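Take a look at the following structure, please.
All chains are identified by letter, namely A, B and C, in their written order; residue positions are counted from 1 within each chain.
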Amino acid sequence: MSRRLVALLMVLLAVAAACGGSSSSPSASASGYRVMATTSVFADLARLALGDSVQIDSIVPAGVDVHTFEPSPSDAAKIAAADLILMNGLGLDEWAVSLIDAAHKGEGDVLRLGEGLDTTDAWTYLASPEAETEDAYDPHVWLDPTGAAHYVQRIADRVVQDRPELTNTIRSASAAGFAALQDLDTEVRALFSEIPEANRKIVTFHDAFGYYARAYNITIVGVAIASPGQDPSAREIAALIDAIRASGVTTVFSEVQFPSKVLTSIAAETGATVLADLYSDALGAAPGDTYLGAMRANATAIAASMQR
Amino acid sequence: MNPLDLLIAPLGYDFFVRALIASALVGVACAIVGSFVVLKGMSFIGDAVSHAAFPGIVIAYLIGAPIILGGAIAAIGTALGIGAITRRSGLRSDAIIGVLFAGMFALGVAIFSSIPNYVGDLFHFLFGDVLGISVGDLLALTLLVFGLLLVLRLLWKELLFSTFDPLGAGAAGLPVRRLDDLLLILIAVTIVISLQAVGIVLVVAMITTPAATAQLLVKRFTAMIQVAALIGVSAAIVGLYVSYSLDIASGAAIVLLETLIFLLALAFTLIRSRIYAARGAAKI
Amino acid sequence: MNSETNAIELIDVTAGYGDRAAISSVSLSLAPGSLTAIFGPNGGGKSTLLKCIAGLMQPWDGSVQVLGAAVGMHAKRVAYVPQAEQVDWSFPVSVGEVVMMGRTPALGPLGRPGAADHAAVSDALGRVDMIDLAQRQIGELSGGQRRRVFLARAIAADPEIYLLDEPVTGVDPTTQEKIMNILDAEAARGRTVVATTHDLACAAQRFHDVVALAGRVVAHGPAQLVLDQAVLEKTYGGHLVPLAGGGVVLLDDPHHSHGAHEGHE
């Protein structure tokens, strides 16, 4: 019985992955260039950068946490078949490195989207709350649309370099992408500016929203878990409860890929409501199946919670 | 920070109070059932059953059924299976128990590893998630523990007779085989309801250690159960406070305390027998 | 069905362990008030026979009737005293608690011990001279005292049938005397007493009847049969060693078993 369940699960995952958004339209396979991103977020940003001109896929399935993802041998095969590998770096998806080695790819095949953005003063990193690598930077750069725009730029530049014949298609696609990101940023900014600063407080599940909070002047009162994969200790839970009570926050946000009883019990104790629809490291079902949709959904949910 | 603060402060949090009650209940239930387990030499079976619950839990989790139900089915099934195999083979077969133990657990791991999901849940199954216990969970736990104790109280003399002298009990008309099976079921149920508090890996310690300690200290079964229960409750409560102060996993803190108590009791009995021996020699 | 004449009735019973029969085609009738010793070599089936009567073993063939009904129907009226080796003496129970276990059939499933039960326990302990040791943990008792505790447990149950496996083997003469006196008294009251033993002298002197068992019933009759050389030869076979001046010596170490166990489980 268990084998049938596993098989069923595999089928469901395959279907979900297919719906999750690998765009293999006829024209894409014609160019023959394949991009493999670690997560659905980066795959969608790649779509904003490149449009339909190339085939784009991602490894981590929908609804799965990228921090603690365990790749399987078949994922190495996907990497082996790719021309360009997109990863975030900064400690988010280091598991990709072993896959890249296993697929006999090298550093030249990889684009570490989040790293080295500060070399041109274009970007300032925040410190990582839980330093796992020597970088000790918060890796969640893409949650700030400005950061996402950097990612789109890099992806476009790189593919143009690899496939100059696609330059026009890519440049027009990414121009549209930038415009969309700009619109998003303007929209979200306007949304939050209607809320008095004193009310701009949220509690999230893990520390993903540092850059987001910086961009829109929001205070993160606390997070449920310091690092994904580890439970909060009793004292950490107590501290979070105190922080929530002191700040008057009425909503705690779970995230699409994290089931949690602890959050439910924290919310119950403080009278807060648990909302499970923030997109951080992964996309989900519509409307959160694209970066723009996810960011809009986040903003709406967060703004609404602040007005309670 | 005065000592009283240390005690009272955590009680201001509902989650901690629930965790405290749950741990205490589990401590009592495991210690009492554990007294039978230790006297019958069934600690290995206890460990096997707790690991065997894992595939049941994982499958229940997969299909969205209550986890306790899945765990209970797997645990009770394995417990009764061990009983049946032990009877058929006529010996207490360590090898057969070991095979079932490892096989069931591996099945659980295999199924679990095929789920792409938040790995924290595996940790919860293995080591407990007492800080996440909800009011509903606690109510269910309370009911189950009281049910368990009620059954034990009602069938006390039958279980005692049958555990001590199965031949005599059988000849006197007691249904020894069914009592054995009942005990296995009670062990399995105790293990499953304790899993949320301490997890699969440590529940065997909750069952074995307080009872083994009590056995060192007292010479009556009733006293043994009472001492074991007392140790179970105290270690659970103190252990939870310790885990709060030192930021360590609560299940581990409780088990470490119980082990410490055991070692102290052991030292005490060894010293005591030395003293008696010396007195005896002095008299000669 | 001679339900009123015989307390215990075995008809053509065959039973054993694994694939080896310990007893074959055993037919036996024991009347109320009888005091019977079953003797024979190790592996001869003495314990097996007793367990069949007690309902602890299923015969492969034949039928066992106890008190006029199928074995097990009247289990509450039967008391079984196991061999000393089969008891866990380190179990944390006191003398008094063990004897109280004998009251379990009388108490029923949800019963709690009452005045009558405590009285029965005291009586039983008094009869075996163990009242003073009621609070002692059983591991602290001497061999003879241990035997008496289990006898007291049987007495407390007030059974109609006593089944005792090696009740006097390895005990001192005083204890043996006390135990046999009690069994005598019980038989005199109309109870049926059956015991297995290696002690042929005791069997001859203190029991009314004997059964010689060597896988099959060799003889069943008055106690003097145990001294009959022909019976002994048929029962013990190669265990008999002739002496120079005539007569024989029986070598039968109770802990030495020929071929198979008598089921020491």
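Throughout what follows, contacts are C-beta pairs under 8 Å (C-beta built on N, C-alpha and C of every residue); 3 or more make two chains touch, one makes a residue touch a chain.
Small disclaimer: the values here were computed from a predicted structure and weren't measured.
**Student:** Draw the chains as dots and join the ones that touch; what shape do you get: line, ring, star, complete or other?
**Tutor:** line
**Student:** In terms of Cα-based centroids, which chain occupies the most central position?
**Tutor:** B
**Student:** Could you state the distance in Å from the CA-based centre of subunit A to that of subunit C?
**Tutor:** Distance between chain centres, rounded to whole Å: 80 Å.
**Student:** Determine the centre-to-centre distance between subunit B and subunit C, using the mean Cα coordinates as centres, and give it in whole Å.
**Tutor:** Chain centroid spacing, subunit B to subunit C, equals 40 Å.
**Student:** Provide the C-alpha centroid distance between subunit A and subunit B, rounded to the nearest whole angstrom.
**Tutor:** Computed from C-alpha means, the inter-chain centre distance equals 42 Å.
**Student:** Would you pick out the residues of subunit C that each touch at least 2 other chains?
**Tutor:** Residue numbers touching two or more other chains: none in subunit C.
**Student:** For the complex, give me every residue of subunit C touching subunit B.
**Tutor:** 51, 54-56, 72, 75-76, 78-82, 86-88, 91-94, 97-98, 100-102, 104-105, 107, 109-110, 137, 150, 153, 157, 163, 265
**Student:** For subunit B, which residues count as touching subunit A in their complex?
**Tutor:** Its residues touching subunit A are 10, 13-16, 18-19, 55, 59, 62-63, 107, 110-111, 113-121, 123-124, 129, 131-135, 240, 243-244, 247-248, 250.
**Student:** Can you list the subunit B residues touching subunit C in their complex?
**Tutor:** Within the complex, subunit B touches subunit C at residues 39, 90, 154-155, 157-158, 160-161, 164-165, 167-174, 215, 218-221, 223-224.
**Student:** For the complex, give me every residue of subunit A touching subunit B.
**Tutor:** Counting only subunit A, the residues touching subunit B are 1-2, 5-6, 9-10, 13, 60-61, 63-65, 68-70, 228-238, 241, 257-262, 264-266, 268-269.
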